[in-house]
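Let me begin by presenting the structure, written as structure tokens, before commenting on it.
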Amino acid sequence: MRRTLKAAILGSTGLVGIEYVRMLANHPYIKVGYLAGKGSVGKPYGEVVRWQTIGQVPTEIADMEVKPTDPKLMDDVDIVFSPLPQGAAGPVEEEFAKHGFPVISNSPDHRFDPDVPLLIPEVNPHTISLIDKQRERRDWRGFIVTTPLCTAQGAAIPLAPIYMNFKIDSSLITTIQSLSGAGYPGIPSLDVIDNVLPLGDNYDNKTVKEISRILSETKRMVDDDDNNLSLGATTHRVATIHGHYEVIYITFKEDVTVEKIGETLDSFRGEPQNLKLPTAPDKPILLINQDARPQVYFDRWAGNPPGMSVVVGRLGQINRRTIRLVSVIHNTVRGAAGGGILATELLIEKGYIDKR
Amino acid sequence: MRRTLKAAILGSTGLVGIEYVRMLANHPYIKVGYLAGKGSVGKPYGEVVRWQTIGQVPTEIADMEVKPTDPKLMDDVDIVFSPLPQGAAGPVEEEFAKHGFPVISNSPDHRFDPDVPLLIPEVNPHTISLIDKQRERRDWRGFIVTTPLCTAQGAAIPLAPIYMNFKIDSSLITTIQSLSGAGYPGIPSLDVIDNVLPLGDNYDNKTVKEISRILSETKRMVDDDDNNLSLGATTHRVATIHGHYEVIYITFKEDVTVEKIGETLDSFRGEPQNLKLPTAPDKPILLINQDARPQVYFDRWAGNPPGMSVVVGRLGQINRRTIRLVSVIHNTVRGAAGGGILATELLIEKGYIDKR
Amino acid sequence: MRRTLKAAILGSTGLVGIEYVRMLANHPYIKVGYLAGKGSVGKPYGEVVRWQTIGQVPTEIADMEVKPTDPKLMDDVDIVFSPLPQGAAGPVEEEFAKHGFPVISNSPDHRFDPDVPLLIPEVNPHTISLIDKQRERRDWRGFIVTTPLCTAQGAAIPLAPIYMNFKIDSSLITTIQSLSGAGYPGIPSLDVIDNVLPLGDNYDNKTVKEISRILSETKRMVDDDDNNLSLGATTHRVATIHGHYEVIYITFKEDVTVEKIGETLDSFRGEPQNLKLPTAPDKPILLINQDARPQVYFDRWAGNPPGMSVVVGRLGQINRRTIRLVSVIHNTVRGAAGGGILATELLIEKGYIDKR
Amino acid sequence: MRRTLKAAILGSTGLVGIEYVRMLANHPYIKVGYLAGKGSVGKPYGEVVRWQTIGQVPTEIADMEVKPTDPKLMDDVDIVFSPLPQGAAGPVEEEFAKHGFPVISNSPDHRFDPDVPLLIPEVNPHTISLIDKQRERRDWRGFIVTTPLCTAQGAAIPLAPIYMNFKIDSSLITTIQSLSGAGYPGIPSLDVIDNVLPLGDNYDNKTVKEISRILSETKRMVDDDDNNLSLGATTHRVATIHGHYEVIYITFKEDVTVEKIGETLDSFRGEPQNLKLPTAPDKPILLINQDARPQVYFDRWAGNPPGMSVVVGRLGQINRRTIRLVSVIHNTVRGAAGGGILATELLIEKGYIDKR
């Protein structure tokens, strides 16, 4: 039996933080040991948290006090989960890594450091080895691993097995995202009631950039002189609470059939499945075969643990070389906290995290 | 000066019907003479109508009684606008045409009759001549002209000038549509609160089919051996009241620049503009150049008359041959009632409608 | 140990039906044995049901076929839960009772039959004895028990302990209700987006009528010559999915303090709590003491089992004789399926239901 | 003919500011001469403004530059409208008054200064004379007049004629308010999607306090030893854009009939109507007699000018001494900008404002 590891959750009162708390409440060998925050420091977690998720605040957590975000106060902590806001996250995460903590970050600040993994455990697990380079170069005892933008994951997870097995020419994506993706207070209500809110070039571009990197880090099984694919993304928010919906058109360099694509998606498994990691869903991708599905409300909590599978449907043949599919991803679970916990389980398995 | 023509509005209490009433209240030479309905027959219009649009029920209309949908009661009517529900519309419209009425229909029932125009006045005005064939073949004194599906218009209007001037290979569309597009009661609230509702294959396919036909009826100015373009559409509703939002990716057979495409869209004018028809907006397409626009709430009523211009923005270069644009169309105005009135003005101008 | 009883759920695919399915999946001695429906007969439950609640369709239920609503097909069924639509329910429920089934109905059709209990197990459990009269009068082997309108319960549950302990003069109620209360398809989306929808006199009146009857059936502990209280209710729906929010002003015949009222609410327990029935929450009323609570989103699933406690807050003194409180009730759980299961447990305990 | 007066609009890009701009575009003798802002200073109004109202930015205004909020730059301005945020407003308004400007404020900062009118032109016009005291005491050439909280107006306007003509014992109010009432960015979307948001004690109390003061300043026509009435308010926001909905229960000291109350409301007129002020609606209160009206979506723009009439309906008799009514008020029009313009017209009429 594995020893129990103690986790600190930075930003524990945030929309990602609460999913860490919820998911770790039942974890076999990771336990919440420290709840960090900013404005809510000093108050009982159960009183200050906006519990915008399923279930209730776990009883044993409700009375814990929110504490400062300070490595010096975390002597008995083995892992640090960091869903901190952009900008705030960067320096804090470096400090924790310097202090010897393994930092699993959902924030964007270090995603494009060349020695930091941008990890989807099923898709690019071998990038974990970047940690060795990172520690050496930075002379850190700890390290930083990041998880990608939720929006990027909603496309990258279904695109990955396809990219590994077929020659993709281009993919054109349109997202219809939920409000929780922007944190709290996040999106003003007057921006989304009776409206569709475009997120603009900046958000579109970072989505494309992250998907590109993730795909380039997969192990391709096809012969292709030209690895490059052209990506486009147009991103939006509407008045949904959780769950990003993404329409993904893919054009190939050769004729394809949706049947073959469907099989590829359905049979996709990664190391987390092979290793039977506790937070790994049986299938990272759940194919759904109904004309009006997936839907955000009905499919965002799919899989087991709930919210860990990306639901893919609407597989359709546009022409001989172009197909369409639609994905729904739970942005704060698979796209953040759940992805972070799964990454941690893999890191533990690979010997990167142990009792400090 | 033109003589005033009397119009009957079938389905006058519906979501399209109210826009006919609103727009005709100020029309220079078309006047509402008859309000037809079904469940609301016998009651004063102002009492039964759900006025889900801007302004108030025009005073002179509020007290008019809703009357049966019967050509024999419409002796002094010159034009019949028919925004009737699918299925109900078909036989009723034929009966009116047989009785000698010009029928301007927004319903789908006759859209693919080979002798019936599917008219966007700026795009395929020459298809009006199908009326001659129609009358001859069917031995009708009247005739039927249809306007396309609102969703199809939101893409076809910006695609038309591009198709006329460039060699398009394919276009991949994702729509985020409003609730009024489905009429009343239409979409159940539980389908769209905290949800994105896919409309399914059937709706996707009819959107593609109508866009294809409309584009094929434009006057192309480019040399292209192969006229065919491949179209894909993925259609949805979200919790917006009016206004369809459409993300349109276009791949060309040659290199293009967004600047050239922008100029083409901006300078697009059609016969309604040349003829200065009263309901013709100055520009059928209004280009907007802000990162987070168009937005449904802020752009659906664009143009003059309000709601008659399609707003296009987010012009972006995906790669040398692929661009992206986004359109917002007011589905019940430009996409239905306004389009019907503009078609009528053109038909009058061309001599197809006169005092009966 | 108790023997397992088999339940049939009529209307099993409806919004109340799914909560029966969800809650019975873990019940210690009631098990789903028959899923009845109408339009969905013949199809696997998991394929046709709109699972608009937490969690997923229980695996063992997903493959069960939906069957006709016919007592003759239910030989081995011990209990019939009937969340059927108004109008349809009445005759069907009589037929089942005639055939010897205990029918627990959430529908309004028999609520005001003088020999039919309108039961909130914590509030008026002694009305169960009406069953004896009912069987005798109607010569039935089975019987019908009803649960009140969800809206009425949201007020009656907090009003009951107050009415039992204080002299109430009047209570003036305003409700802000959720969409699921109207079933599916229920409320058209265009009625509630950017709107507040009044439910009108009819709905207001039945709310008042049910609350009045329920209060009159409590065991009063105060001396009061005049039992009558005056009630007013103004009812609405807004764009929330589950959970009715009710603002309740109460004027007394004597001076009161919110503290005393608070104690009364907090200490309220009923027979289900005393008997430790499996679906009984520890507290039927959960007092919450935060300025901006209860809120529909955060409080509707309160209690254990989730959704079985009514959350009451905003206790405020308006003047010496008038106080204000606010309640949130989960309409399809405490207000329907959960209330029905709790009633059944009480009926079993009292010997009214046994293996047939 | 009246000379044209030049107005400066402080906070011109805000939700109240845009209604000033919209309404003054057609005003017979007040003209927008200066658009002030903060973050948007230096930019063309049409580019920075979120035009969250009907119609489009008036063409002649779109190109005007937003300028600093500084009295020294406003030499040719005759009137200053001040919809500034709470806190920011107070000192700025004093400075403008000191500089000799008539300041019409919609902000709360000076509402309870004993020498500052809290004006609803139809209800307490004689409080205008406080200005004389104000100028004297403060030695100002200009002055400050405030308009009440939008929420308070939604109740005070219908309560005023009732209070003037009947002996009210108490009134118990529940509000369901719109998002624009909180300005922009205002309410976070995650607070109101699938939720009802209570505004809490503070907001409840200020609503009661303002209504109390306004009613106490009406001219009562009834003999009543005890002027006091007891008020209670419970305030909320839901996901509506404009328009506050208020359920108002009124208990009297004597028997009343809804018929009499209805007549009183229907016949209510004030000085603005008598003086035929340009922004005065024919009727400040529009009675609507349909079971499911008023509704926020359909009634907020009622009256002429649109949004200037409060729509009252659902008149119901609860018991012999208690009645119920429901009001809908356009919070940014009647409740702010429109109320401010109407106040100004009255002030002009009374000689308090002239060319400087």
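A, B, C and D are the chain letters, set down in written order, and residue numbers restart from 1 in every chain.
As a working rule, a contact is a pair of C-beta atoms (placed from the backbone, for glycine too) under 8 Å apart; a residue touches a chain by one contact, two chains touch by 3 or more.
Here's who's who by UniProt: A, B, C, D = malonyl CoA reductase (malonate semialdehyde-forming).
Keep in mind that this is a model prediction, so the values were computed, not measured.
When the contact pairs of A-D are matched by residue number against A-C, B-C or C-D, over half are shared only with B-C.
In terms of the distance between Cα centroids, chain C is separated most widely from B.
Centroid to centroid, with C-alpha atoms defining each point, chain A and chain B lie 42 Å apart. Averaged Cα coordinates give chain B a centre that lies 48 Å from the centre of chain C. Touching two or more other chains at once are residues 50, 52, 193-194, 239-241, 297-298 of chain D. In the complex of the two chains, the chain C residues touching chain B come out as 50, 52, 179-180, 184-194, 239-241. Touching chain B in their complex are the following residues of chain D: 50-52, 54-56, 193-194, 297-298, 301-302, 306. Per the touch definition, chain A reaches chain B in the complex via residues 170, 172, 174, 176, 194-202, 204, 230-232, 234, 236, 238-241, 245, 247, 249, 251, 291-298, 314, 316, 318-319, 322, 324, 326.
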